[in-house]
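Each chain carries a letter (A, B, C and D) given by its place in the written order, and its residues are counted from 1.
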Amino acid sequence: MSMKTIFVFTCFAALVLWPLSAGSYGIDLVTKIMIYAILALSLELAVGTTGLVCFGQAGFFGIGAYAAVLLSPQGEAAALWWLLPACVVAAGLYAMVVGALSLRTKGVYFIMVTLAFAQMAYYVVHDTSLGGGTDGIYLTMKPVLGDWLDLDKPLVMYAFTLLGLMLAFAFLSLLLRSPFGRALAGIRVNEQRMRATGFSTYPYKLAAFTLSGAMAGFAGFLFAVKDGFVNPELMSWHQSGAVLVMIILGGLGHLRGALIGAFAFALLQELFQNEAVFGAFAKHWHLGLGLTIIASVALLPRGLVGVLGQLRERLVGRPMRRGAAPIAEVRP
Amino acid sequence: MDLATFLIQCLNSLQYGLLLFLVASGLTLIFGIMGVINLAHGSFYMIGAYMAFALAPIVAATFGGGFFSTLLVGTVLAVLMGYLLEWAFFSFLYEREHLQQVLMTYGLILVFEELRSVLVGNEVHGVQVPAILSATLPLGEVMTYPVYRLFVSGVCLALAAGMWFVFTRTRLGMMIRAGSTNREMVQSLGIDIKFLYRVVFAAGVAIAVLAGMVAAPVSSVYPGMGNQMLIVCFVIVVIGGIGSIRGALLAALLIGAVDTFGKVLLPSAAGVLVYVLMALILLWRPDGFFKAA
Amino acid sequence: MSEVLLRGHELTRRWGGLVAVDRVSLELERGQVHAVIGTNGAGKSTLINLLSGELPPSSGTVELLGRDVSAWPQPRRARAGLGRSYQRNTVYPSFTVQENCRLAAQARHQRPWAWWRDATACEDTRAAAHDAAARAGLTDWLQVQAGLLSHGQKRQLEIAMCLATGPQVLLLDEPLAGMGAEETERMLGLLAAVKAEHAILLVEHDMDAVFRIADRITVMVNGAVIASGSPTEVRENADVQVAYLGEHG
Amino acid sequence: MMKMKRIALAVALLSLPLFAQAQSKVKVGLMLPYSGTFAALGAAIENGFRLYVAEQGGKLGGREVEFFKVDDESDPSKATDNVNKLIKRDNVDILVGTVHSGVAMAMARVAKDSGAVLIVPNAGADGVTGAMCAPNIFRSSFSNWQPGYAMGEVVAKKGHKKVVTITWKYAAGDESVRGFKEAFEKAGGQVVKELSLPFPNVEFQALLTEIAASKPDAVYTFFAGGGAVKFVKDYASAGLKKTIPLYGAGFLTDGTLEAQGADAEGLLTTLHYADSLGTPRDNAFRLSYAKSYKLQPDVYAVQGYDAAQMLGVGLAAVKGDLGKKAEFVSAIEKAKIDSPRGTFMLGKSHNPVQDIYLRQVTGKENKLAGIASKALADPGRGCKL
């Protein structure tokens, strides 16, 4: 077993054991972080794996969340077995449309077109009464699966989210090793070469983008079920930006990076907001967070994933066996 | 809408478009030439507006000057700030992935916004229109048009002309254009690309700060004002074609018009129009109006 | 008899007012190395781009294995048996040699839907990859990361990746660029070894090498063909001597 | 010696539960914006709240008050987690918050589900004391409907017939305009055009031109913060202030007068508070606030102050024992809150039934110009209390 595998298994083991030691707030907090980790994983598939820098991931996230609320029947609980797939499909369909159109563009233009489509979704729920407008809308009854799955209980929600995260991670791990995943990796580094080799890259990219959107929709569904409340801000560009920050912070090109990034980003916020640690300065927590991010860019070129490797290089002077390949050029 | 109203709306859209251009031109400069996706650009605009507010009393006390002295002092400070920021935060990032720069500028947004809160506070402030520009011109039956808005448009036009001149007529402009197309070539020509980048960054920051200062009397000064500007600036830069000054001008005027007429004619879709427009334009021309010079 | 695998007919490509490739026709036969030479900017790389489908021609047609493929996008032509290499090194630096070749071989059997399968467990692509690496002389380097190879080895890997796709036609863009004498020899040996089963288009600056290995040579100047024939014919062509060889002394 | 110690120990042990009861602090969770656009409002609310607690000697209902703070960032997508931080991590007894309506809606949801007492010290979303109303949810401020409705009556009384409304396209603006329209059209006026622009866009010029073109008798508007400043200045510099009277919900000129300068002079707005009520109660409050914080209080400070009063009433009624929820709730429902704005009681849906003042901007103050609507109660639509 490689270090990588051991690390991942340790992480998931820790997550499984966490509720034993955590209070109810700790469980809520980690549930939230795991939802964001799924969202980050979804973005990692587009950005880190395929080189499609999407600045509109929150759009798919929000569509998954809104679908969970809007598709639920009034006054009774929806059945999980159809609601969950419906949300995932809704987000995936939107991603497919967005991808089909925006994949015509490259680099920064792609970034901005994806942003544009997310903003469109944002304004649709923000400016119309479709989803309760700016005040948001409640999910009054959480979806159920028979009698035995009650997502209203925090611990059940935790377990369900953890399962979702594990499945997402396992799915992506397998996917990246599969012929499909290898082709995506090739496309990220040099798309032209892939075409010359005989890969029609457009369907590959579209499939990856759609999958990514669908997975973001899954995260959105979980979010709606956990909070029971959705709001247009779920789709705002700040959200898209925050997820992007998570995966860059964690380290692009690694699934672990998305996990680590999501946890690090959320926990750093918790830390700097903590009055017990920072006293009155906790009010200015943005400052601490900002400075930490800047420091991490300056000191950790490969993201948090690369920390161990960097340490080893510092100590032993041995280069990493495998450097992260550079991401597709963003420059025009 | 009768003709007179239509013409006034055209004037409004032109004036708004020019202001947008003023802010966006600094972004397209940094973006196009250095390839840095500068999310903190809106923060520079915000810093400019707060400078107009916070520097004014200090400048008045030291130099006894008014609004224009403040502009001058602020611009000088902005150039210095841009120069130092490039040195401290960006100079080591060019060899890295571009997304690292995104992360860096995201961190800077947080820091600037919070420093603003610590230093100046969270209140909304107004900035006085300088006395000599405070007159208004009659426009139609009930409306008047403030001279200061014309002044803002004038500044934008002057800046556009100035940038055009620097780009096409000076050695610096030549180096900048060469640097944006081929870094290695410029270096082999014996031009110090590090210095060049630092100058470009400082110029971009100074333009954003200047825009903030000039806009402050009409926009007022409040927390979060930079982030509002940021996205629309990116839209303009991308529609215009990254790094293209004339593209940014055209795109800014277009966005100004869409925003102005959208609010009047299609109020229910006013928010989304700009993005629909951007998506359509980029699907039609995937590289924006003009490819970089 | 000779078998024409790829035929370019009256290919033209204009960039605005500039004609980069001007009504070029050529035929590639199995078992032959067909070299295209010309000064920088003569349109050689553009010609390869037209043939491989990377660029659409302004006019003219391309025929691959007897079928008109002019309207086919590049990936489809590649799958139909048209392989190409690039001037710049385009190997995937973070992949090993084996992975590079395997990825290329995968183009023939893409199986994108089989998300649960490990790409490396695919027997046929693995075999094709190993075979290609062996033919390019890289068997010993299979597990080495491509980014760590020497320049010459990277060029070999380029060829190996081309071969791994199982092509009939090879379009090689300056495979000898930047190579030392020993590396050049190895590459020429490699080309001689594979030419029997393929039709090869070779764009190259190294004249000695071209005249040693080419069966046919086409000379381009300013986008147009000024001479075409056997090495001897081309060497003795007066126009060529003026336009090209003369300059090189 | 030993004996003494033993006795002391016994006394200590015996008195432990008693002491615990009397000494354990009541935990108040303040969920307010401490960063971003509304940060100044959050600070004022907290100041007001703390001022009342300090005036009571740091105790409400005989129990000391301990504060827990969370920055809600005015971001509804983080709201549920932030409330849970207070409820589950800090185990607060009382929730106080917030400014942003969307965040308040999320808080109301959690409060409704968990049964925690929530006092909303600003957010005017009609739904909080409408469809979302609950026995444990109170508001010390207003509903968006209230100032709008009051202004509708005022504008109609002034004899204006045709009015144009303008606001941001978001819930607070819509609700305020709806309140205005309801009263104004009931009194025979007509809203000829409802203009809106996307939140938080502040480019008003196009819509001002539109107003000038349709030449209404008056304009009603709802803006707050930076947008309010810019709107008032733009309105004046477009020359409209001289020709078409501008009326607004009070936030148009609250906390923004310094920035608006002369352009705000003379504007009429409606709100449940004004700068110079001149009542002894208000004077005392303003003096005390100014002394404590070296700042002049505003409506947000009053709302924070009254939130603390409401909590104080409830706690006093149950002698600090929050276990008696029903008594706690009914005490607040029956109480007359002695607010600096004037005494008020809560309506059926737990929204203040209060006088809405008509204020006129004079100098840098919102001077009282009369009472726009006496003891105005929010209809509490959708509330089933």
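Convention: a residue touches a chain if its C-beta (ideal position, glycine included) is under 8 Å from a C-beta of that chain, and two chains touch if they have at least 3 such contacts.
All figures in this text were calculated on a predicted structure; none of them were measured in a lab.
Common neighbours of chain A and chain C under the contact rule above are absent. Comparing mean CA positions across the assembly, the chain most remote from chain C is D. Of all chains displayed, A has the C-alpha centre closest to the centre of the whole protein C-alpha set. For the pairs A-D and B-D, the larger set of C-beta contacts lies at B-D. Inter-chain centre distance (chain C to chain D, centres taken as mean C-alpha positions): 74 Å. Between the Cα centres of chain B and chain D there is a gap of 37 Å.
The distance from the centre of chain B to the centre of chain C, each centre being the mean of the chain's C-alpha atoms, comes to 49 Å.
Of all residues in chain D, those touching 2 or more other chains are 35, 169, 198, listed in ascending order.
For chain A, the set of residues that touch two or more other chains comprises 123, 126-127, 284, 286. Within chain C, contacts with two or more other chains are made by no residue at all.
Of all possible chain pairings, those that touch are A-B, A-C, A-D, B-D.
Chain B contributes residues 1-2, 5, 8-9, 12-13, 15-16, 113-114, 117, 121-126, 128, 136, 138-146, 148-149, 218-225, 228, 259-261, 263-264, 267, 270-271 to its touches with chain D in the complex. Partner chain C is touched in their complex by these residues of chain A: 171, 174-175, 177-183, 185-186, 189-190, 192-193, 195-201, 203-204, 207, 322-325. Residues 23-26, 28-29, 32, 123, 126-127, 133-136, 138, 226-229, 231-234, 236, 238-239, 273, 275, 282-286 of chain A touch chain D in their complex. The part of chain D that touches chain B in the complex is made up of residues 35-37, 39-40, 43, 169, 195-198, 200-203, 205-210, 212-213, 215, 225-226, 228-230, 233-234, 237-240, 243-244, 255-256, 258-261. Of all residues in chain D, only 34-35, 69-71, 75-77, 79-81, 84-85, 87-89, 101-102, 105-106, 109, 113, 125, 127, 169-172, 174, 198-199 touch chain A in the complex they form.
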